[in-house]
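Chain naming follows the written order as A, B, C and D, and within any one chain the residues start at number 1.
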């Protein structure tokens, strides 16, 4: 087995675990973590394909590398925004899930202080 | 099987074990810890794949900033865990497992059946490196050949920070994010927060500067600077600025703003948007990167700090 | 010359690996936070230090060597500070009981 | 030489995994705080060895970055632990 095969299969497995966690975990924070896991698997697939494209003295095709760096930054921004939304939901509603059931009684903020 | 392959399998096994653990463990807090370790192992894999630029980013984000972000959220939500909602039923779980296994299997098949002829853009990148006189191919792609992506990525960071700020409650609008940390003058934390940031700032600037010719760059350097800033905040040596302050907003838009200006400049004088004049390519790229490293450090620090919580009015 | 370097590397890296082993065994076997912290610092300071020492002869340039040493120094600084903080937390938790 | 370093690398990784298992199971929060520290040092040692084995000298820069960010993560971790202690009502250090 070559490096590419081992890490490629690992990336596929990471995507699978991430997807499973994303669907089955009711906690929103856990969903965010699982989504990051899924994302890292996708990025690794880029890396594996880039590794195959080694040429001209560069060990890994620089174009997918640049894509992954951009992707990591965007994923981080999305994670930060998602966590801020979650914390706000918790503050307003006391819940950490998007469950059905009783409609949340949104406590309005005290009028602008 | 060679020793190298054996090592790779050990690495992958530990990483996937951590991945499973992160998904299945009961406490969210532990899952966040697991995710930090996972990020570190992913950085190791990137080094093994000879993509050191990505490894640097992953070490800075996956192992560092993302982990701290998740831990902070997990610590805050801790009390809410016991009354967590019901887990999905057996049927849902089975369906989810089936979907996940199918997806993973499809990807694995794709990996195993990759065609023998390998498309690569590496020779093209190397052949065009003269245009910028930078030796790091990844920086060339990020800052010149696909500069549009990088510019828009900075805009995404900016949008994220606007999104986070707009979640502030009415009485904290425009205020300072996070709690005020009290400095304990005798404390070990204050000692560290005085000693480490100077070293960290030097290393951050080094990582940024070396990005022209070796792995590194503005984003990775900015992440280090942001962590040093937050360390000083956590030790209570300084406070987060109110998000309504002018200079802070100026720093936040400086990077993408300068990028955009240079881009329009290229449209006006040169052949197209973001086309650098040949003689000025390197100074222009460096100028954009200097502005960007500051913007990135401020943005990452503020993203980690979260929505404003304290009013500026006393 | 190259042989002498390799011998230094093998000896120091083996010793470093041994301290990582010792630290891990300590973490697994010791009963409470403070003793485990004691085990952890072995892996922290000596393990990393010996690995760095072993890699120094393999470093390509003086600059790489300096970076290696500064990594170890940073590790020492972090280890000393963080274990102090953890120990303090453990102490506070115990008095709180 | 490369083979020996690869072996050492695999060994340290295995130790890291074992240490993580013991710590992550750990009943106390302080045990988990140690995890962040262990990940930092073990990971740095592994990165340095990997850089030498794979012939990527720039791995040293990754290790340098990690040394700083792992310290930051550990401190953030301990701080969070301290503040959760405060939330238990044993002291008021933070939160306004």
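Simple rule for what comes next: a contact is a pair of C-beta atoms (placed from the backbone, for glycine too) under 8 Å apart; a residue touches a chain by one contact, two chains touch by 3 or more.
This is a predicted model, so every value here is computed, not measured.
Q: Identify the chain pair with more contacting C-beta pairs: B-D or A-B.
A: Contact tally favours A-B.
Q: Give, as an integer number of Å, the spacing between the C-alpha centres of chain D and chain B.
A: Those two chain centres are 18 Å apart.
Q: In whole angstrom, what separates the CA-based centres of chain C and chain D?
A: 11
Q: When the centre of a chain is set as the mean of its C-alpha atoms, what distance in Å lies between chain A and chain C?
A: Inter-chain centre distance comes to 32 Å.
Q: Mark out which residues of chain A touch at least two other chains, giving numbers and ranges.
A: Expected reply: 59.
Q: Could you list the positions in chain C whose residues touch two or more of the other chains?
A: In chain C, residues 74, 77, 81, 85 touch at least two other chains, as defined above.
Q: Please set out, as single numbers or ranges, the residues of chain D touching at least two other chains.
A: Counting only residues that touch two or more other chains, chain D contributes 16, 36, 56, 61, 64, 68, 70-71, 75, 81.
Q: Which of the chains touch, listed as pairs?
A: Touch list across chains, by label: A-B, B-C, B-D, C-D.
Q: If you look only at chain A, which of its residues touch chain B in the complex?
A: On the chain A side, the touching residues are 1-21, 23-27, 29-30, 32-34, 36-37, 40-41, 43-45, 47-63, 65-70, 72-74, 76-81, 83-88, 90-91, 94-97, 99, 109-113.
Q: Taking the complex as given, what residues does chain D use to touch chain C?
A: Those in contact with chain C are residues 1, 4-5, 8, 11-12, 15-16, 18-19, 22-23, 28-31, 33-34, 36-38, 40-42, 44-45, 48-49, 52, 57, 60-61, 63-64, 67-68, 70-71, 74-75, 78, 81-82, 85, 88, 90-91.
Q: Once bound in the complex, which stretches of chain B touch chain D?
A: 3-4, 6-7, 10-11, 14, 17-18, 21, 25, 29-30, 33-34, 36-37, 40-41, 43-44, 47-48, 50, 52, 55-56, 59-60, 63-65, 67-68, 71-72, 75, 78-79, 179-182, 189, 192, 196, 199-200, 203-204, 207, 210, 214-216, 220, 223-224, 227-228, 230-231, 234, 310
Q: Using the touch definition from the top, list the residues of chain C that touch chain D in their complex.
A: Interface residues on the chain C side: 6, 9-10, 13-14, 16-17, 20-21, 23-24, 27-28, 33, 36-37, 40, 43-44, 47-48, 51-52, 55, 58, 60, 64, 67-68, 70-71, 74-75, 77-79, 81-83, 85-86, 89-90, 92-93, 96.
Q: Hey, which residues of chain B end up touching chain C in the complex?
A: Residues 188-189, 191-192, 195-196, 199 of chain B touch chain C in their complex.
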